[in-house]
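What follows is chain A paired twice: with chain B in the first complex and chain C in the second.
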Partner chain A sequence: MTMLTKSTPNQKRRGLTAVFMSAPALLGLLLFVAVPFLLAVALGFTNLRLGSPLPLEWLGFEQYRRIFADPSFSRALLNNLLFAFTVVPLQTVLALLLALLLNRSLGGIAFFRTLFFMPVVFPLSLVAVVWVLIFAPGPNGMMNSFLELVSFGAWTPRDFLHDPQLALPAIMLTSIWQGTGFQMVIILAGLQAIPAELYEAAAIDGARRWRQFWHVTLPQLRNTLIFVVLVTTILAFRLFDQVQIMTQGGPHDATTTVMFEAVQAAFARQQVARGAAMTVVLFLVVLLISWLQRRVARQEREVL
Partner chain B sequence: MSRSAGVPLFYLSLLLLGLLFISPIGFMLAGSLKPDARVLVEAGDWRVFWPAGLSLDNYLDVFARVDFVRYLLNSLFINGMIVGVGLLVNSLAGYAFARLQWRGRELLFGLVLAVMIIPLEAIAVPLFYMVSLAGWRDTYLVQILPFIANAFSIYLFYTYFIGMPRELEEAARIDGAGPLRTFFTIIVPNAKPVFASVAILTFLTQWGAFLWPLMVTSSEAVRPLPLAIATFHSLPPLQWGDIFAFGVMMVAPILVVFLLFQRWFVRGVVATGIKG
Partner chain C sequence: MATVEFLHIHKSYPDGTRALNDLNLKVAEGEMMVLVGPSGCGKSTSLRLLAGLEPVSGGELLIDGECVNERPPQHRDIAMVFQNYALYPHMTVRRNLAFPLQMLKMTKAEIAKRVEETAQLLGLAELLERRPRQLSGGQRQRVAMGRAMVRQPQVFLMDEPLSNLDAKLRTQIRAEIADLQKRLRITTIYVTHDQVEAMTLGDRIAVLNAGRLQQVGPPQELYEQPANAFVAAFLGNPGMNIFAARLSRNSGMLQLESDGWRIPIEQLLASKPGLEEYLEHPILVGLRPEAFSPEVTPAYPAIVVSIESLGHERLLYFRPAATTPSTAQKTLVARLSCTQAEAVGQNIRLGFKPEQLYFFTGEGEVIA
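Entry: the complex of A and B
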């Protein structure tokens, strides 16, 4: 932008109006995002605890040393990682598959698109509550009897949400159910943006469907897929609602997450500084993922 | 494989997948309409989707046990304010960044883009501390105010406005209209799609808000639906029919809006992934 050296009164007035127009939003972002963010970083270096008689002290990295020495927090980070590495690929492949299936003009396709997108409008807390019952223990549980049916009776009923091995996968499945439609719609839009000429050219070259998919669809969908993976990965690290409602982090930390630990610290135990430090770790992870995404995408097209 | 054999097969697999996908919703809907005792007992076979009795008792039970209408109104008010005031505030900022020349514009816009990456979770603890000091806990205000200014909304408005032809504004400017009047009389009427996308996207992300209300509210009077269903779920006696009835009533309004304005929902979601 080139600022004019001499600004007329009219331009000055317009500039003032611009400041006035953006002020409410900028003030909001400053007060409710920037300040708390800086406060989170600052608090993470202290010992602040609500209602504590101890004086406020600067601890440096002590708080971070403590949380990384805490087995529950390490478990939480590991769980977030496991969640990301399982849910992201599964959900993306499922969404891509659905999008490919639904990317044609046959009668009734719109109906199916609606159907697969529907869970997206369900609040996560409601989804979590419904899936608590789906994972009900005993042979009468819906998931148990479904697995029994598809395994021809080989499945023995388990108590998913109280089983250290199955609780996290149960939460993963719940999340995939709710999140797939969101990804599907974005991928579908990406598919529809691919110029038809590319497929025609490939067809003239004698490329079969499978080859067309590898050589036209996937490369053209690259940025869309990168974006979808980025968003889902970040969501995986923000995981909280399902854990709070379905398992409370249990059994034995099997489903605890960084955010769940942070809320436990800051609210259940009033350790504001400790909670703040944990959320700073969460932010750093999100930052790292976004940075990686930008490196991978590299192209000038901006996403997020 | 010939085309003619492929199509029925295609529909069949789609139908199976679709049924599997909506089975949790069918479970909830059927369960809300049958006696409590049968919800659990019948969850293990085909009767799981059968609304035996078609009774509205569970729905009446919900109203008898909790103040459902109150939660619904709370949610509608909180989200209405966030969406409505947010549209105004963020579109104004988006326009100032996209079209007006002013000192500090580039720097501030860079900061807006930087702030976009900070998730609520990363600032929830200190934000909670701040609003506690301010004495705002357990109010509507604390559930609305922090979410009005939204960096991503500003960005979406910005990308849309910057793509609009300049001629319209030039004409208004020659007529002597200031930026504010130009914005409201020329820009807003010609930018309905972006307003709809941002409104729906904001609504979708805020309607399910759970973490923040959980942190800052303690009384029923200001609680929104997503928190209320979690509380209702843990409220003895555990009656699944009632819980499902609560769930159906909670999701029905948004589902109706979704089915009516589906095109816009999809557009709103796609706007997150595609520039402009």
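Entry: the complex of A and C
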């Protein structure tokens, strides 16, 4: 009992110290994450429009009905899904291959690792501008002349970024080029955490290279891959910079995305409420995907 | 079952370290050969070379008379038990055991049969559906043994397989390994730094130090006739006392002068005529801790430095009493029964039979 009464004021003081110490971070989180998020949810149910003379009205779920009735928004959602289903697997496999290549002790390997990681360090906007130049229309555009070269002249020059069929793949290519390095570094770290004895044991047990990859590397990399896929999927749904700089969502909504639509609504057309509602939809989609992937991952979590 | 032979094996690393220097060792069919030595002596390296995990820098590795230098580990028909077991963490015990068989592309029925047999033999039947992290240290060790045995390889390699277990379990599994090896009669090379394991397990022991083979032979032979001071000091628990001394004549009789003690050894000349050559030379003298006894005469004065009581016996650390005591004087150890009780700092007398002395040259080679 004496212990308890003695320790109570002490604990209280400790609790106060904890609150005091974490206050700046908590304040930041509250101000920049929690409040804007709640505001977005609340605003999403209204018809708020900047500079509009009309009085503020409560729309409720009517807002969401309107959004989903908008063909541009549906197209944006579809584009995001297409983008995610193409870019995430391609980028992950590519990153895994690169990581396997770079996970060896050769002279100058650090140089190659740096080289492949470099696109990640470049600002996305800069990358997009460079790729706009690469995709330049006409026979003198870099991509066009490259394709002409490798197809022995069979390729007819196209205007990638204004071609409804090619605009989205062009953005995908840019994104893969830019994002692979990031995944590669994480997978590389995962590869290096695999104990060498497992490979030695597998070799002695008769497993050749390919079997070692299949029975040791992949299972040991499982959690890393789950993390990488999760993060890349979320990033895929947040796709914006490349679209904004390279195509402005065009041609004919061929490359529009949810994020792009939201920004257009809020800042080009002043429909703040509509933009906010779109971000809420985006949030729910990302939440759903994360939840699904966590569920898949959990079954095998005990592996660790 | 096969013979294993190391022929003039050298191993050096790019940074210049020489791990093995001209290792020559032949392991007979079905034999349990224990490689023992302090850490960094090259014992694990020899195992890794034989397994094909590292290339040799020179010499030939023979398994069953065939040179396997260029063969990858997959084609050497060996199995290995690793120090930390290296079980596949994402596989159940059953799949861990089945893995080497799957790699041999055996039929499912054959794999199931072999896994069952091995599990029975090692008492793993109840654990087959568990994952390695759900097992205790001893159980993991058994699974690792099982994974090595299931394939019925030509040669078993064991790299300190008991060092991650607690002392009691170590003794128990040590006995199990010895028993299994006797029954299966698979050629086994067992690496350890623990001389007790070496003495109890090996048909023969190979003692290594600094990349060189010191001596090979049955445990008792190594214990009784060490080839040099290193082997003498390494084997035994505690190892042999080694101290500097000099041979001289005192009124015509051969005697040994060490710090403080003058030991008449004239009667040893008959069995060790070589000693005479080292008259007035600095030599090394060895005495097993168990050679000392307070009852034997002649006895020599000593001062107790410390005492470790082990219940059934005591280890008495002492310094020979010298006329001019110096700090350079070596502390020796005697293994005594628990009947008497000395105190630290006390003056005592300890005796031993001169026949129990071992003589080595200044460089540590035994004097015959």
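Note that the second predicted complex is superposed on the first by the 287 of 304 C-alpha atoms of A that agree within 3 Å, B and C clash if a C-alpha of one lies under 4 Å from a C-alpha of the other, contacts with A are read in each partner's own complex, and residues count from 1 in each chain.
Simple rule for what comes next: a contact is a pair of C-beta atoms (placed from the backbone, for glycine too) under 8 Å apart; a residue touches a chain by one contact, two chains touch by 3 or more.
As the structure is a computational prediction, the values presented were derived from the model and not from experiment.
Visitor: Using the superposition on chain A, decide if chain B and chain C clash or fit.
Guide: fit
Visitor: With both complexes overlaid on chain A, does A:211 touch chain B (first), chain C (second), both or neither?
Guide: After superposing on A, A:211 lies in contact with chain C but is clear of chain B.
Visitor: In the overlaid three-chain picture, which partner chain does A:222 touch, first (chain B) or second (chain C), both, or neither?
Guide: The second partner, chain C, only.
Visitor: By the touch definition at the top of the document, which applies to A:195: first (chain B), second (chain C), both, or neither?
Guide: second
Visitor: Scan A:131 for contacts with chain B and chain C and give back first, second, both or neither.
Guide: first
Visitor: Consider the C-alpha centres of chain B and chain C from the C-alpha centre of chain A, and write down the angle between them to the nearest 10 degrees.
Guide: Roughly 80 degrees separate the directions to chain B and chain C.
Visitor: Figure out whether A:46 sits in contact with chain B (first) or chain C (second), or with both, or with neither.
Guide: Neither chain B nor chain C is touched by A:46.
Visitor: Please work out whether A:203 is in contact with chain B alone, chain C alone, both, or neither, and reply first, second, both or neither.
Guide: In the superposed model, A:203 contacts chain C only, not chain B.
Visitor: Have a look and say if chain B or chain C is in touch with more residues of chain A.
Guide: Counted on chain A, the partner with more touching residues turns out to be B.
Visitor: Just to confirm the geometry: in the superposition, how small does the C-alpha gap between chain B and chain C get, in angstrom?
Guide: Closest C-alpha pair between chain B and chain C: 11 Å.
Visitor: Once the two structures are fitted together, what part of chain A is touched by chain B and by chain C alike?
Guide: 302-304
Visitor: Spell out the part of chain B that touches chain A in their complex, as residue ranges.
Guide: Per the touch definition, chain B meets chain A at residues 7, 10-11, 13-14, 17-18, 21-22, 24-25, 27-28, 31, 39-45, 48, 89-90, 92-93, 95-97, 100-106, 108, 111-112, 115-119, 121-130, 145-151, 154, 178-180, 183, 204, 207-208, 210-211, 214-215, 225-227, 229-230, 233, 240, 243-244, 247, 250-251, 254-255, 258-259, 262, 265-266, 269-270, 272-275.
Visitor: Which chain A residues qualify as touching chain B in the complex?
Guide: 1, 3, 11, 13-15, 17-19, 21-22, 24-29, 32-37, 39-40, 43, 50, 98, 101-102, 106, 108, 112, 114-134, 136, 139-142, 144-145, 177, 182, 185-186, 189-190, 193, 224, 227-228, 231, 234, 238, 240-241, 244-245, 259, 262-263, 266-267, 272, 275-276, 279-280, 282-283, 286-287, 290, 301-304
Visitor: Quick one: in the complex, what on chain C touches chain A?
Guide: Going by the criterion above, the answer is residues 51-53, 72-74, 78-80, 82, 84, 86-91, 99-100, 103-104, 131, 147, 151.
Visitor: Of all residues in chain A, which touch chain C in the complex?
Guide: Against chain C, chain A makes touches at 195, 197-198, 200-208, 211, 215-216, 219-220, 222, 302-304.
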